[in-house]
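Below you'll find the structures, each written out as structure tokens.
Heads up, the next two complexes both have subunit A, just with different partners, subunit B and then subunit C.
Up next is the complex of A and B:
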């Protein structure tokens, strides 16, 4: 039986990071993944990630995946694809199916990093073709270039539902409505706002009760739900869609850990059954480590750190790192993990509805939580949204999330996040904004706008992040839309500023009357040039 | 370790309007069948599975496990965490008998034994 020093199961961000940390210390490491491509979920994530520089914030998930693969390659990690691990036995033996054959391998240590599976919802007609998981929609669009449908109902307003809805819009699909059974939008306000200003309607305290259609989805019935999430009779509404996309959470795929004899626990905050682990990712079985979504649903950023800690811990166990060398690395990683796990949406905050103020003491926007957009009442409250004339960034970032690329982006130091990565960004109005647009491209939440009231003749400009193709050209007419997606006024494109540093988030500058500067936040071309 | 008490149900099985809804697609098991199994005494995911084959099809419970657990929990008025562990068994993915027979993986034979709490 072939023996490896480290066997990693799953080539997602967690598994690859574990493999890199182990290989870097000199261990002979193999990674098995059942997919044809490595990278796990990362290659579907075409959006920019949150966090700070150490978490590769403002880098798109795909790029993070590419970097990770390159690093694994350089470190001599052996990655075997199309290799399904069927079981883990005593003595750290794993059974792997490749090319119609099942083979056993033995590892001195094992890292289980198998990720998660999507949760489903049952409702009348849920087995009809056209009801798909959000992950499946992403795979179709972002891996295979196939549009999942023409009009999509999104069920679930967590970050996955919000991110995938935006990607559906980018792919040229319509998303008329996002429903969520909870009374609040579950994901980041900035993700919801991108949708709302593009015309997507949010219905909180609503769910899907029926998929209509003979042979495939031809419509959906949604209804309001009561406090115990039961549909309220009489509130049903039929909507015209051909696809129903389900984004109601993920469950850890932890079966292999159980199979290996690891002690398991049920933890609803982590998404289901997970192995009991110490803070290095070690399970109750010596030599078997676990990392990433299979140990509790989180994010790629935390999955990578957990994987790194596990890989380095194995290197220490097997004598490739001294305890001091390990301790030094682990301390840095843990600090980074604490950072990414902080804020209003941290793993421990799931389901909390009692938070009414930001850390700074500003009242959270009720409109943002219920309808996905900030309204007039929020304007005077958040200092970063107060316009004081001339060329200025307006930052519509009103929730404490761990993210700070805007601060690094501004070469003039106009934007300050400060010590705590979850603090709201502040504007230093003593510093002069040159309108360089770097902050607009750097904000993963697409929440920064450049306002200028000095165009003359009662006109000004609004610069906004615009990630849609085809890109409008200077002079193109259209409508300026408000945060709620409603038409504010006529607008015309002044310029579209793009650069390598903005990494495919160009800034579209539109001309609007000065009176509309506070409200115009999106541009809809007059002639909807069709997506090829 | 807790002792599981089973008593014959005094009240008759109460049908629900959506009992006909498919829950496990791979094995075509309905919500009503699962509710009936619980009514008849099944208390865990494993017990329902042994009666109805829920979770034994192509997806190996990836889709329905959570749904079945939610039904059992609602029927019994217990939280999912109190329904006992769902055992993860080899093979975690479907595999052809032919492929297995070609391999001689050790441990396959000894896997039959069940763990009872």
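Up next is the complex of A and C:
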């Protein structure tokens, strides 16, 4: 039986990071993944990630994946694809199926990093062709370049539902409505706002009750739900869609750990059954480590750090790193992990609905939580949204999420987040904004707008992030839309600013009357050129 | 002709595809790109139904797209139960809608009208066929 020093199961961000940390210390490491491509979820994530520079914030998930693969390659990590691990047995034996053949391998240590599976929702007609998981939508459009449908109902407003809805829009699909049974939008307000201003309607306290159609989805019935999530009779509404996309959460795929005899626990904050681990990711079985979503649903950023810690801990266990060398690395990683795990959406905060204020004491926007956009009541509350004349960034970032690329992006120091990356950004109005647009491209939440009231003749400009095609050209007429996606006024494109540093988030500058500067946040071209 | 392919994407520079190849879908000539999952090629053409269930003959189509749910299985080159979301398309493949566990494909099935490119209605699927 072939023996490896480290066997890693799963080539997602957690597994690859574990393999890199182990290989870097000199261990012979193999990674098995059942997929034809490595990278796990990362290659479907075409959006910019949150966090700080050390978490590769404002880098798109795909690029983070490419970097990780390159590193694994350089370190000599062996990755076996199309290899499904069937079981982990006594003496750290692993059974692997490749092309119909089952082989066993033995590891001195094992890292289980199998990720998560999507939760399902059953409703009348849920098996009809056209009802798909959010992961399937991402796989089809972002990996294979195929639109899953033309008009999509999104079920679930967590970050996955929000991010996938935006990606559907980018792929040229329509997303008329996002429903969520909870009374609040579950994901980041900034993700929701990107959709709302593009015309997506949020229905909180609503669910899908039926998929209608003969042989395929031809429509959906949604209904309001009561406090116990039961549909309220008489509130049904039929909406015209050809696809229903389900994004109602993920569950850890921890079966292999269970099967290996690891002690398991149920933890709703972690998304289900997970192995009991110490702070290095070690399970109750000596030599078996776990990392990433299978140990608790989190983020790629945290999965990578957990993987790194586990890989380095194994190197220490096997004598490739001294306890001091390990301790030094682990401390840095843990600090980084604490950073990404902070804020009002942190893993420990799951299900909490009692938070009414930001850390700074500002009241959370009720409109943002219920409908996905900030409204007039929020103007004047958040200092980063107060316009003081001339060329200025306006930052519509009103929740404590771990993210700070905006402060790194501004070469003039106009934007300050500070040490604690969950703090809301502040504007230093003493510093002069030159309108360089770097902050607009750097904000992963696409929440920064450049406002200028000095165009003359009662006009000003609004610069906004615009990640859609076709890209309008200077002079193009259209409508300025508000945060709620409603028409504010006529607008015309003055300029489209793009650069390598903005990494495919160009800034579109539109001309609007000065009176509309506070409300105009999106541009809809007059002629809606067709994708097909 | 239904075409669900994304021609231009604001973020993704291009999709990793092989050359265009011909295959047959329920006996009709169709085109896709070599190496992409069969299911992606079919969805690009607007095909929704991949199989009909054993007992009640209910239609099923892509659901997970990562090889877990088996809703997308079809008869490929005479072999039933092939997960089309995981199986790369090759030139000349014979892809057929699966009914129950049968390797035999009853026609007509829901799919594209070869003339108009429009959907054939699901009613075209008779009970005996399943």
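FYI, the second predicted complex is superposed on the first by the 531 of 532 C-alpha atoms of A that agree within 3 Å, B and C clash if a C-alpha of one lies under 4 Å from a C-alpha of the other, contacts with A are read in each partner's own complex, and residues count from 1 in each chain.
Note that contacts are C-beta pairs under 8 Å (C-beta built on N, C-alpha and C of every residue); 3 or more make two chains touch, one makes a residue touch a chain.
Just so we're clear, the structure is a prediction, and the values are computed from it rather than from any experiment.
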Subunit A as common anchor, with subunit B and subunit C clashing or fitting: fit
Angle, in degrees and to the nearest 10, that opens at subunit A between the C-alpha centres of subunit B and subunit C: 60
Which superposed partner A:388 touches (first subunit B, second subunit C, both, neither): neither
Which superposed partner A:127 touches (first subunit B, second subunit C, both, neither): both
First (subunit B), second (subunit C), both or neither touched by A:171: second
Subunit B versus subunit C as contact partner of A:264, first or second or both or neither: first
Partner chain(s) touched by A:117 [first = subunit B, second = subunit C, both, neither]: both
Touching partner for A:141 - first (subunit B), second (subunit C), both, neither: second
Which of subunit B and subunit C A:90 touches, first, second, both or neither: first
Superposed arrangement (fit on chain A Cα atoms) - minimum subunit B/subunit C Cα distance in Å: 5
Overlapping contact positions on subunit A, where the subunit C interface meets the subunit B interface: 34, 117, 127
Contact footprint of subunit C on subunit A as seen in their complex: 34-36, 46-47, 60, 117-118, 127-133, 135-136, 139-150, 170-172, 214-216, 467-471, 504, 531-532
Subunit B-touching residues of subunit A, taken from the complex the two chains share: 34, 84-87, 89-90, 93, 95, 97, 100-104, 117, 119-120, 122-124, 126-127, 251, 253-259, 264, 266-268, 272-273
Touching residues on subunit B, where the partner in the complex is subunit A: 18, 21-23, 25, 31, 62-67, 80-81, 85-93, 95-96, 98-100, 102-103, 105-108, 111
Residue ranges of subunit C touching subunit A (in the complex, touch as defined): 3-12, 15, 17, 36-37, 40, 43-44, 48-50, 58-68, 71, 85-86, 88, 110, 121-123, 125
